[in-house]
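Quick notes on the structure that follows.
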Amino acid sequence: MYHDFNKKRLVVLFFTLMLMVINVAAQDNPIVLRFTLWIPVDSPRGELFAEIAEEFSAANAGVSIQYDYIPFADYTTTLPLQLSGSNPPDAGWLTENVAPTWVQSGILADLSASLLADEAYDFADLAPSAMELWRSGDPIFGVPFSTSPFLLIYNRDLFEAVGVDAPDVMIENGAYTWENLAVALKTIREEAGVAGLQSFNGGLYSGERVWHTVIPLVRAYGGDAWDADNTCTLNSPESVAGLQVFHDMIFTDRSIEAPGEVVDFYTGSAAVLMGQLSGVGPLAEASFDWDIAPLPDGAAGRASVVGQAAFVVFNNSPNRDTAIEFVKFLTNKENTLRIARYFPPIRVSVLETDVLLTANPTIAAKSMKAAVIDATLSGRVLPSHRNFPTIDLTSRAYWDQLWSPDADVQLVMDEMCAAIQPLLSK
Amino acid sequence: MSRALVFASREVRQNILVYLVLSVLAVPFVFPFVWMLGSSFKPAVEVFAYPPTIFPSTLQWENYARVFTLQPFAQQYFNSVYIAVIVTFGTVVFSALAGYAFARIGFVGRGLMFLLLLSALMMPEEVTIIPKFNFVQWARLDNTHWPLILFPIFGAQGVIATFMMRQHFLSIPQELEEAAMLDGLTRWGIFWQIALPLAKPILSAVTIITFLTTWNSFLEPLVYLKDVEMFTLPLALRGFADEFGQPIWEVQLAATTLSVLPILIFYVIAQRFVVESFASSGVKG
Amino acid sequence: MSAFTNAQHQQKKYYRTSRLTLKERDSLFGYLFVSPMLIGFILTVLVPLGMVFYYSFQTRNMLAQTWSYAGLDNYAKLLGGDPIFSKVLGNTLIFTAGLVPLNVILALVLAVLLNRLMHGSTLFRVLFFAPVVTSAAAWAIVWRFVLQGENGTLNSILGMAGIEGPNWLRDPNWAMFSVIFTRVLKNVGLNMIILLAALQSIPREYEEAAQVDGATVWGRFINITVPLLGPTLLLTTVLTVVGSLKVFDHIVLMTNGGPANSTMVLVNYVYFQAFKVFDTGYASALAMILFVLALGATVIQWQLRKRFIYNEV
């Protein structure tokens, strides 16, 4: 009996110890969140994210963040492969152009439970228009951290050399329209011999940036690619009007780069570049005086177009909940304020501060306000659709028909709508 | 004597014509390479200057220095080199053996096997990359160099090499081998001592092509590798982009030039064997 | 008598059981030599090919990681419901039919010219090989500039001769030609060394004998050189056909498949469906078509060899 008593004690002791060990081990089990992004970690912006990650780790014991850099060019190709692999990422960045496809596929985790529950997070502060793409009913599949409006970067020296008003002057005079800009660019082409407008990243004719270049103009004239019911509206009178202006600028005025022409704004062979804020980077050592301006007005007024990058969490992540918490942390008010130094935010309260105005020392506050801040709040993203890749590919045949001197804009657009409508309706 | 002179001047005339034609033909081949080389020394604004220039205004050596600071380029370079060397060596060995067997050894099923092998020639990587990727994931070999070594040796590349070897061995006269067999040499002996030495040109050609293909392979490393330190050169070149995804051309071109140098040197050396003149082809009529 | 037959019998048994015939031993070497390549091939090519075939009967989405059986739906789609596919297929055939003869003939011409040189041939061998080692990106940048419609180098030169050149890369009638031409220039150096290697192993005695007999240069070329090059010409042709079906980077960098999708080839479309639309099932069906095309081309050429090539086993 004496033995039994001791034995029982030993057994109990043993199990208690085991439970303690297991408990401790479970708590110590480190969680490593894999987070993908397309900037190198040792860059000024990457370092900011590293700082934020460290603060999150400090606040959440046992959690650490591992940033994985995937070059932008291969980002949307490599990410799905990694997601179907043996060590998938938990969260990461995603661009708005693939949002509909990814949201539909079910690969993105629903963040709404966590984001809406916390009052301090202030979900209402996130501009609803910016969140449109990332919601499908009630669920929220991503939080944009960067909303980058399309704008024009122009070479002030070229405008002055030829004696026409530069965009900032036109804005002051209230005469900043596509038509006025076309006239100015035509003069530049004739007198200075350089191209007027360079298309978005030079990708107009190769098809990669055709929507980026054309849609702003089309919307400025009241048209659009397709409406909320997914009916193709490229052949509507307003759209055709805008496209006609564009077509004339290329072939009649020759104020936009011609098909196949190799131009480079950065070396002075074009007067204006259509792009985003990121296009300003290489201009730090530019040899000419430059500035940024919003997109010009069209017959229907100003139409701002924005691109976005969002934080998303992946559904098959083993650490999904922790990843969601991290994304919530990244997009709360304090951190949005810090990130806003580099990325135009979607939090209305942050947009109203001075952060963006003083963020880039090479850009005047006035220009920043006009070209970036105002446009961010009112901007809409490019037309998007589940089947966008196929729509894009099908449409190329018709865009290319448009880029010939005697193209009949209405006819080509009718054909394009006929071709893409079945894809839109699916 | 006069007849020899006439003969000589006709040869000389033809030779000059050949030189002329070749020089003119060579221009479109060479100037993109020269542009690449020149631009690798240019400052950023000059690379796409209009009108374009071939020669840089100054030699900006720091482009080359930045190549190593922006990425672990030396490590990536080493990766490309050792993978290419192993793949080339493995491919040459296995394809020479198989190619010789298909050409000269009669064994049951030879024709069928060869036809089967030929089907691999049509395999663009894009076709089989998904199942191969799934397999590599399952075997936990992703983010290692194993798939980059094994798949080329035995895949489409290896089969192409086998094909080339076979065609070459077919054109070696059989009398040599028959004589050796009568002398008692085993099949291995014939292969090692007779067929292989005669195959120097094709061995060099296969080496060059295999090295080159492996060196430039892009899709497979893209799909299998995750960490920057594991990258091979073609992937690394894509990484010379600024924070916004725009390529930093002057650095990328410098990196490209650096990655082109070994192949060029390799080629200059290897092609000598390809075109060594064969005074002793050993055949009489 | 019985002792003698016994001994003979034993001898016979001895030879048959413990020694393979010469033919059998040779065969053993044969199997040994081919087995590494063959086994590796089965694992790295046949099995994945089988998987692709299997996937082509499914609806798979790489992003959503779902799959379901779809029967012949993918094939029905590409045969009837996909206008892009028919365009792409046509482009692929044109591209290959244009590139292969141009490449092989140019390679032959260069190899023959280089073969004649006594001095300086190393220099030219390196020069013609330079494009092969130039990066596809650098090659495309330079040629896109040269082939510009208005300020391009080529049109400027043509302009001096009074010819107005077309917009080489933007005119749907010329884009494919431009893409083929620049691709040939980039890769012909490879075929050139292969053909040069073959030319070098043709014994000079044959040519010299013909020369003494009075044959012309062209006659010697057609009747001696080309037939002797038979197996190698077949090799380069087959490799070039198959290689042309795999060209991917070059087209993306030069024209991105345009204008009006006139330069997009099948392998681009497979990549598009697999990595942009994430429809792995359809991409697999397309890949099978690509495979069948290449297989067909090779089998045809392989069978033709019996008619044209004499010095083969």
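As written, the chains take the letters A, B and C, and residue 1 is the first residue of each chain.
Note that in this section a contact is a pair of C-beta atoms (placed from the backbone, for glycine too) under 8 Å apart; a residue touches a chain by one contact, two chains touch by 3 or more.
All figures in this text were calculated on a predicted structure; none of them were measured in a lab.
Interchain contacts join each chain to each other chain, per the touch definition above. Note on interfaces B-C and A-B: more C-beta pairs are in contact across B-C. In this assembly, the C-alpha centroid of chain A lies 41 Å from the C-alpha centroid of chain B. The centroid of the Cα atoms in chain B and the matching centroid in chain C are 15 Å apart. Residue positions of chain A with contacts to 2 or more other chains are 77, 81, 84, 262.
Those residues of chain B in touch with two or more other chains are numbered 134. Across the assembly, chain C contributes residues 62, 145 that each touch 2 or more other chains.
The residues of chain A lying in touch with chain B in their complex are 38-40, 43, 45-46, 68-69, 71-74, 77-78, 81-82, 84-87, 201, 262-264, 266-269, 278-279, 281-282, 285, 287. Residues 23, 25-27, 29-31, 33-34, 36-41, 43-49, 51-52, 55, 62, 110, 113-114, 116-118, 120-122, 124-135, 137-139, 142-143, 145, 185, 189-190, 193-194, 196-198, 200-201, 203, 205, 228, 231-232, 234-235, 238-239, 242, 245-246, 248-249, 267, 270-271, 274, 280, 283-284, 287, 290-291, 293-295, 298, 302, 311-313 of chain C are the ones that touch chain B when the two sit in their complex.
Partner chain C is touched in their complex by these residues of chain A: 76-77, 80-81, 83-84, 101-102, 105-107, 205-208, 258-262, 316, 389-390, 393-394, 396-398, 400-401, 403, 419. By the touch criterion given at the top, residues 44-46, 48-50, 70, 133-134, 137-138, 140, 142, 222-223, 226, 228, 238-239, 241-246 of chain B touch chain A in their complex.
On the chain C side of its complex with chain A, the touching residues are 61-65, 83-84, 87, 144-145, 147-152, 167-170, 172, 255-261, 272, 275-278.
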